[in-house]
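Provided herewith is a single structure, encoded as structure tokens, for subsequent inquiry.
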Amino acid sequence: MEHFPEAWGRPRNDIYGPYDHSYLQTTGPKAHTQSPAVTGTSVIGVKFNGGVAIASDNLASYGSLARFTDVKRLRVFGDSAIVGFGGDVSDMQHIDRLLNSIDIRENYSSDGNLLNAKNLHTYLSKVFYKRRSEFNPLWNHILVAGFDGDGKPFLSSADLLGTTFSAPHLATGFGAHLAIPILRRLFPEDTPLENISKEQAVEALRECIKVLWYRDARSLDKFSIATVTKDGIEVKEDEKVEAQSWAFAETIRGYGAQVN
Amino acid sequence: MTSFGRYTSAETVGYSFSQPTSAPNKEHSFYPYTDNGGSTLGISGSDFAILAGDTRSVAGYNINSRYVPKVFKIGGDDESGDGAHILLSVVGFAADGQALKERLDAVVKMYKYQHGKPMSVRACAQRLSTILYQKRFFPYYVHAILAGLDEEGKGALYSYDPVGSYEREQCRAAGSAASLIMPFLDNQVNFKNQYIPGSGEGHALEPKKAEPLPRETVEQLVRDAFTSAVERHIEVGDGLQMMVITKSGIEEIYSPLKKD
Amino acid sequence: MFRNNYDNDAVTFSPQGRIFQVEYAQEAVKQGSVVVGLVNKTHAVLVGLKRNAEELSSYQKKIIEIDSHMGIAIAGLASDARVLSNFMKQQSLGSKMTYGRPIPLERIVTQIGDRAQTNTQQYGKRPYGVGLLVAGVDETGPHLFEFQPSGLTHEMLACAIGARSQMARTYLERHLDEFSDCSRDELINHGLRALKETLSQDKELTVDNTSVGVVGLAPEGSKSKIQSFKLYEGQETLPLLEALERSETSGEAGGEGSMEVDS
């Protein structure tokens, strides 16, 4: 008879070795996210005349495994803002719940004061900063698209550390390397917004998603794309990268099975 | 005790209530800081003070944005900054810088609300030091410079380390290019290594006395310091934001820097 | 006053369905000197009559700036008002911090209303002995709210609370139609006139006993959207009082041209 009740129902010491008590800890350091698990890759966004366009693919990876292929990483807030999420998907879902409850709370008061994209970005960056200061980060890098208080197009980014910045075109993750140069060539940074049409912006984002699909191993050819204008939000969540041309792959040397 | 996660002691026998209850510390892989680069610089004169900073924000070799201000008005109106009489520049980890700026701004506003008069620069400088020191063991990772006009109307400049030690100075450069700019300032503002020609031989040579410089000279020094820093430091560039505080208010001057 | 069995605390109803402590608190508001508030399409104005306890003492503060977009005027226990005002200041700063927007007026008025209500439903608590007029601007334009010790809040076009405020309310009701389209200066003038109505025979509005607070939308094409809360006290009120005097001699309160003041 085993005299120690704590040992009941556990592997026997004499056979399996001493039991690892660290699994039973209720005190000691609390487990916080120290690395992301299921992740989304790039989000890209660009401002145009009268609004903002934003896109991301529909993949959620588990390490190098393409785990979920139908995950919508663009989330709509109210009728004035879109948040695009890169990074941990469970943290994204947590933030999405947060956003939903704020949206409901805001709409309860009928005073007509609604949060715009800029307010939302400020709020989210505070959430990120607070969590990083508690050493319990929300492992995301987000873009917020919409309008500011003056009704001007607004596009800004926030990450897991609470760092924020804004620019005419933005991208998270791999997109910062691959999409930004394309967008910068199409729309140089001193281009007045009036010279960029919605169609041009959307077309540019499609092109960027395609390039990311070609070269980012954690990306997918199914993607979501959305625009925010004064007329409202338009989201397409089941887009496919079209007119793919893998001819360039033939010319790549140094990988795979080719002989010379 | 170098192994993590499991107990190493082999002689643990049986299960006892006297088992150690503290788990060995697990490794924390989340690092709550990043360096957003950039440089700031402040110079005080007899009836003015200038604070300047470049507007580039970086993450590693990436440029986040070409316009992220590092110099802020403290205690003014929220949108326009009207009515502010103190300037603060922060360089280092931008999210901490933003948080620090907002805290100081709230403190200065509460002071005005509670005392019915604006906070003096001297009091604000002391308060900033305590704010920084309160986070001595999880610091705001920033180099702050505070500027304003003192009780006599002279330019006042205070510089800080991340944990709150501070002193009033004539001039100070901070941030990634501080080591490039500071020697230049030593020579051009405090006339270090400058001697009065023909005043003697060898050690008898008389050093040139430092005295407050006129505003035009100081503005030009700031421009020169930054155009030089841009040449030699990759994290500095894009734009120069200068704020000049005089008894008639705060003037903001933006001029482009090289974007390479 | 006769002994009442139902006024020992603020949580017991009388058989007639009244809560006497709350009603007594409302009496405290009537003891306070009068404050007047009024809005039009662009501005919200608060004016107040300051009292001094004795000839040589300072005057009690009547109008407090909460934030750049709003202020309050108080009638009743000034110390209770300070508690509420500190709370409002905190909430306002908090909203600016977390969302980067000035707190909507209705939101913050609801918050103080809720706070006051809990004082009327928890044993051992006492209702606030103060009434407030909250004036400010937000996304939806200028607003004026009245707050009562019961926790009741109303959005108002014009309002007066405090001692002899009935006279001011009569004035406001009579001239209500003129407010909505008048200018900032005219609105202040109406406020001062309403305030003047409440004075007893031997009293005058002076730079010492008059406070004026104004907040509004900035004129088209300005850098910022709002004209920050401006509190006029002491000598600063002189031009406003002079304008009041001029408008009175010329007859009409909203008289055209007669009272254009540069302020």
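In order of appearance the chains are A, B and C, and numbering begins at 1 in each one.
Definition applied: contacts are C-beta pairs under 8 Å (C-beta built on N, C-alpha and C of every residue); 3 or more make two chains touch, one makes a residue touch a chain.
Everything numeric in this text was worked out from a predicted model, so none of it was measured.
Chain-level centrality, scored on Cα centres against the all-protein Cα centre, points to B. Between A-B and A-C, more C-beta contact pairs are found at A-B.
When chain centres are set by their Cα atoms, the one at the greatest distance from chain B is C.
If you average the Cα atoms of chain B and of chain C, the two centres end up 43 Å apart. For this pair, chain A with chain B, the centres built from the Cα atoms lie 32 Å apart.
Mean C-alpha position of chain A lies 48 Å from that of chain C. For chain C, the set of residues touching two or more other chains reads 97, 100, 225. By the touch criterion given at the top, residues 77-80, 82-83, 102, 106, 109-110, 113 of chain B touch chain C in their complex. Put simply, chain C touches chain B in their complex at residues 65, 68, 89, 93, 96-97, 100, 102, 223-225, 228. Interface residues of chain A, counted against chain B in their complex, comprise 4, 6-7, 10, 13, 18-22, 25, 27-29, 32-35, 125, 129, 132-133, 135, 137, 157, 161-167, 170, 176-177, 189. Contact residues of chain B toward chain A in the complex are 5-7, 9-10, 12-17, 19-26, 28-30, 32-34, 36, 57, 59, 62, 64-68, 93-95, 98-99, 138.
Note for the complex: chain C touches chain A at residues 97-101, 104-107, 110, 138-140, 225.
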